[in-house]
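Labels for the chains are A, B, C and D, by order of writing; each one numbers its residues from 1.
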Amino acid sequence: MFKAIFANLPFLAALLVFLIGFYTMLTHSNLIKKVMGLNIMETAVFLFLLASGYVGGGSAPVIRAGTKTYVNPLPSALILTGVVVGLSLTAFALSLVVKLYKYYGTVDADEIMRLRGKDE
Amino acid sequence: MKKILAGVVFLLIGAVFVLMVAEMPAFGSPCPVDPGVSRYYLENALADTGAINSVSAIVLDYRSSDALGAVAVLFAGLTAVAATLIAHSRKEGR
Amino acid sequence: MNHLPILIILLYLGSALLIPLLAGRFSSRWLAVAAAALALILSGLSAWHVAEGGTYSYFFGSHSAPFGVEFAVDWVTVLLHLTINFIGLAILVYCNKEIDFAIQSWFYTLFLLLMVALNGLVMAYDLFAIFLFTELGTLTACALVAVKPKALCVEAAFKYLILSTLGSGLILLGISLIYMATGNLNLGALGATLPSAYTIYPWNIRIALSLFIVGFGIKSALFPLHIWLPDAHSASLTPTSAIHSSLVVKIYIIAAARIIFQAFGDSLISVLPLPQVLLLLATFGIFAGSLLAMLQTDIKRMLAYSTVAQISYIFLGIGLMTKTGVMGGLLHVINHGIMKSLLFLAAGTIIAKTGSRKIEDLSGMGYRMPLTMTVFSIGALSMVGIPGFSGYVSKLYLAFGAMEAGKPLFVVIILLSSLLNAFYYLPIVVRAFFSPGRHNFTWDGLSWQEAVPMLALAAVTIYFGLLPGVLVNLAKMAAAGWLN
Amino acid sequence: MHLVLQTVAKLMLPFLQLYGLYLIFYGHISPGGGFAGGAVIAAGFILYALAHDAELVSRRVADWLNSLAGIILILLGFVGIIRGSAYMFNIPEWRGQGGQLFSGGLIPLLATAIGLKVSSAVVMLYYYLVGEKKNV
């Protein structure tokens, strides 16, 4: 089992980064850090996808005479699309943070909850 | 307390992930169950689309709906940002 | 090949892109209404075409199944296209003064993009296409919550966005695990390769399935993951609440169910404990949603919690894993979509007229706003499941499904929860029409844009309650297509 | 901003644009493509805007280009339907010789539309988010 894990260390690393992002997103009260966690998580999935598409000794999937092995092109294509999705989500999340800061004067989720409690 | 609970939960998820990594196909090997799809792309992309960059061939031809969807998402993101910022631009309290 | 289903998506996307181009020269509202009306006609034509020629698959760029992106045009797609475009049209006609002039064009652009996502999600037959439309739906849905100029809405939208991007991260991880194990993204090809992949990588596939359930569960407010829903659905604008509660949350269930039934298939589901988990969560959700709805004093919050309960009915229908159960779930998607949008529109009209969101302020409302309150009562009675309204039909088939699955316990649960529904819906109706004291009778003073959509939705609710034959037959065919 | 920064930004702008255009137009024969090229072009404009605190492309134009590129993208797909095949079908006669600039059928055209769309959208995102600093 340990041999298998050692052979698959890139996957483990990607999943570890995913967990870091997940943890940041759920436990940090700073909204900007939550958005960062979102980005880390998304990037980790892309890393994982990219690692799963690697073929030993393969070169970039641009067809050229004389090259035998290429890496799997499909994950790269999916990531290309995924990056755009991540960009839009991040921009929108940041614009919401800007507006929350405008209304409450803070980017801390707990502080915002406290201020909201005072209002009601 | 909350931190410890979260830590325990994340350790559990991490353990499950390690278990999962142990049985994954080895890093660098083509997919053992059905490698046909990626092989098809590499072998036929040039004949099917005329592009030698198979990533471009996949994004813009085989899976062109993905490109269209990505463009829609980008447009939605732009509209969402604009709508949020404009809707809340008045100088008022909550 | 018939292009109609794709044309619906392109029509919405094209009109959304046209709105900024024509800004100022053309009313974005009527452009959106025209697009929705045309889309409704197109989906009607598409339904007629499928009825004539049978179900088919659309291949983008005419690349065949596992290589290109496949869109399935089956009876589920057709039924839901009709539902989505009908409800979307009704809500778009209703949209009015509540939206600031400055953000009008942005609002309609987002609404049209949301319709792209919903229409695409019900026909996507490819894991990554499902992910993409899910993201588009999430983004536009959150933005629609955020456009109301209130601090509470920004907060609700942020909570919704963070939780649902968490969900989409999980879904994307699940997709990459499935892709790694099988080398496929097409649902049909997955149905063929997943059983053999399960023998080699059992943990990968189990975890991928649980990631899908959690991811789509967050997005569709499956019971313990529903915490974002009440804020997002109650704080936002009336049209936004209506489309969120009636369509957005449910279409994610349809996507999840498509993955479960068409990619995982019977052979894998019988090995995995998925139905038990779904049934357990659905049971909790039905009771928790109803009990929480009873405690609310704000009418929109009450409707939002009621959505949590009603979503759980659909999960119950899917968790039963029988033809009749899934058919009941599908019927509930359609019927609940229509009656919940009706309820939200009526509640929004009342709030706009009286300025009060409290349930107790509704006493005597039946005399002050008779039309609005009548359609509200139709929706409420249908929600409780009184025979003669469409809610009764779907609950009946859910109960039949439970009997077919040999789980009569769920019949009792459905009955009990209907009783609970009655506890919080009927008092409103009684209070509005039969409260003591003298009331002066006045008409509501609605414009036609407000009255026509509500009346149309109410008419459909009654029609499907009295004559459910066509709908039931179509839903039967849809469920049979998924579970053969 | 400092003069050195402003001059360097101005000097780098054409090179970034050219590189972005290269990525877009050569996307089908070398690594690159519409998304990457569009992002590079947008980066050039954003760099200029950062250094000079001025908008090189007006919002109106960027917004207009953004919509126009999306509509061109949608219309390009209809070529396949006109040819009697599915939406986004790649016309065989336009595929050309692999490895040449004019090859790949619809792919370079789609890449161009996507590049235009991505660059204008990213520039607009920057304008909107930075324009907020007056409001907060």
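Rule of thumb we're sticking to: contacts are C-beta pairs under 8 Å (C-beta built on N, C-alpha and C of every residue); 3 or more make two chains touch, one makes a residue touch a chain.
No experiment lies behind these values; they were computed from the predicted model shown.
The chains in contact with chain A as well as with chain B are C, D.
Of the two chain pairs shown, A-C and B-C, the one joined by more C-beta contacts is B-C.
On a Cα centroid basis, the chain most remote from chain D in this structure is C.
Rounded to a whole number, the gap between the C-alpha centres of chain A and chain C is 28 angstrom.
Distance from the chain A centre to the chain D centre is 24 Å, each centre being the mean of its Cα atoms. The mean-CA centres of chain C and chain D are about 36 angstrom from one another, to the nearest whole unit.
Counting partner chains per residue, chain C has residues 13, 17, 60-61, 128, 132, 135, 139, 142-143, 146, 151-152, 154, 157, 180 touching two or more of them.
Residue positions 22, 26, 62-63, 74, 78, 80-81, 84-85, 87-89, 91-92, 95-96, 98-99, 102-103 of chain A are each in touch with at least two other chains. Contacts with at least two other chains are made by residues 20, 23-24, 31, 37-38, 41, 46, 48, 52-53, 55, 57, 59, 61, 63-71, 73-78, 80-82, 84-85, 88-89, 94 of chain B.
Viewed as a network of touching protein chains, the structure reduces to a complete graph with every chain in contact with every other. Across the complex, chain A is touched by residues 128, 132, 135, 138-139, 142-143, 146, 151-152, 154-155, 157-158, 161-162, 165-166, 169, 172-173, 176, 179-180, 185 of chain C. Those residues of chain D whose C-beta lies close enough to touch chain C in the complex are 63-64, 66-68, 70-71, 74, 77, 80-81, 85-90.
Contact residues on chain C toward chain B in their complex (touch as defined above): 13, 16-17, 60-61, 63, 66-69, 71, 100, 102-103, 106-107, 109-110, 113, 116, 120, 128-129, 132-133, 135-136, 139-140, 142-143, 146-152, 154, 157, 177, 180-184, 189, 193, 196-197, 200-204, 207. Chain contact summary for the complex, chain A toward chain B: residues 1, 4-5, 7-12, 15-16, 19, 22-23, 26-27, 51, 53-57, 61-64, 70, 72-74, 76-78, 80-81, 84-85, 87-89, 91-92, 95-96, 98-99, 102-103, 119. In the complex of the two chains, the chain B residues touching chain C come out as 16, 19-20, 23-25, 31-38, 40-41, 48, 61-66, 68-70, 72-73, 75-77, 79-80, 82-84, 86-90, 92, 94.
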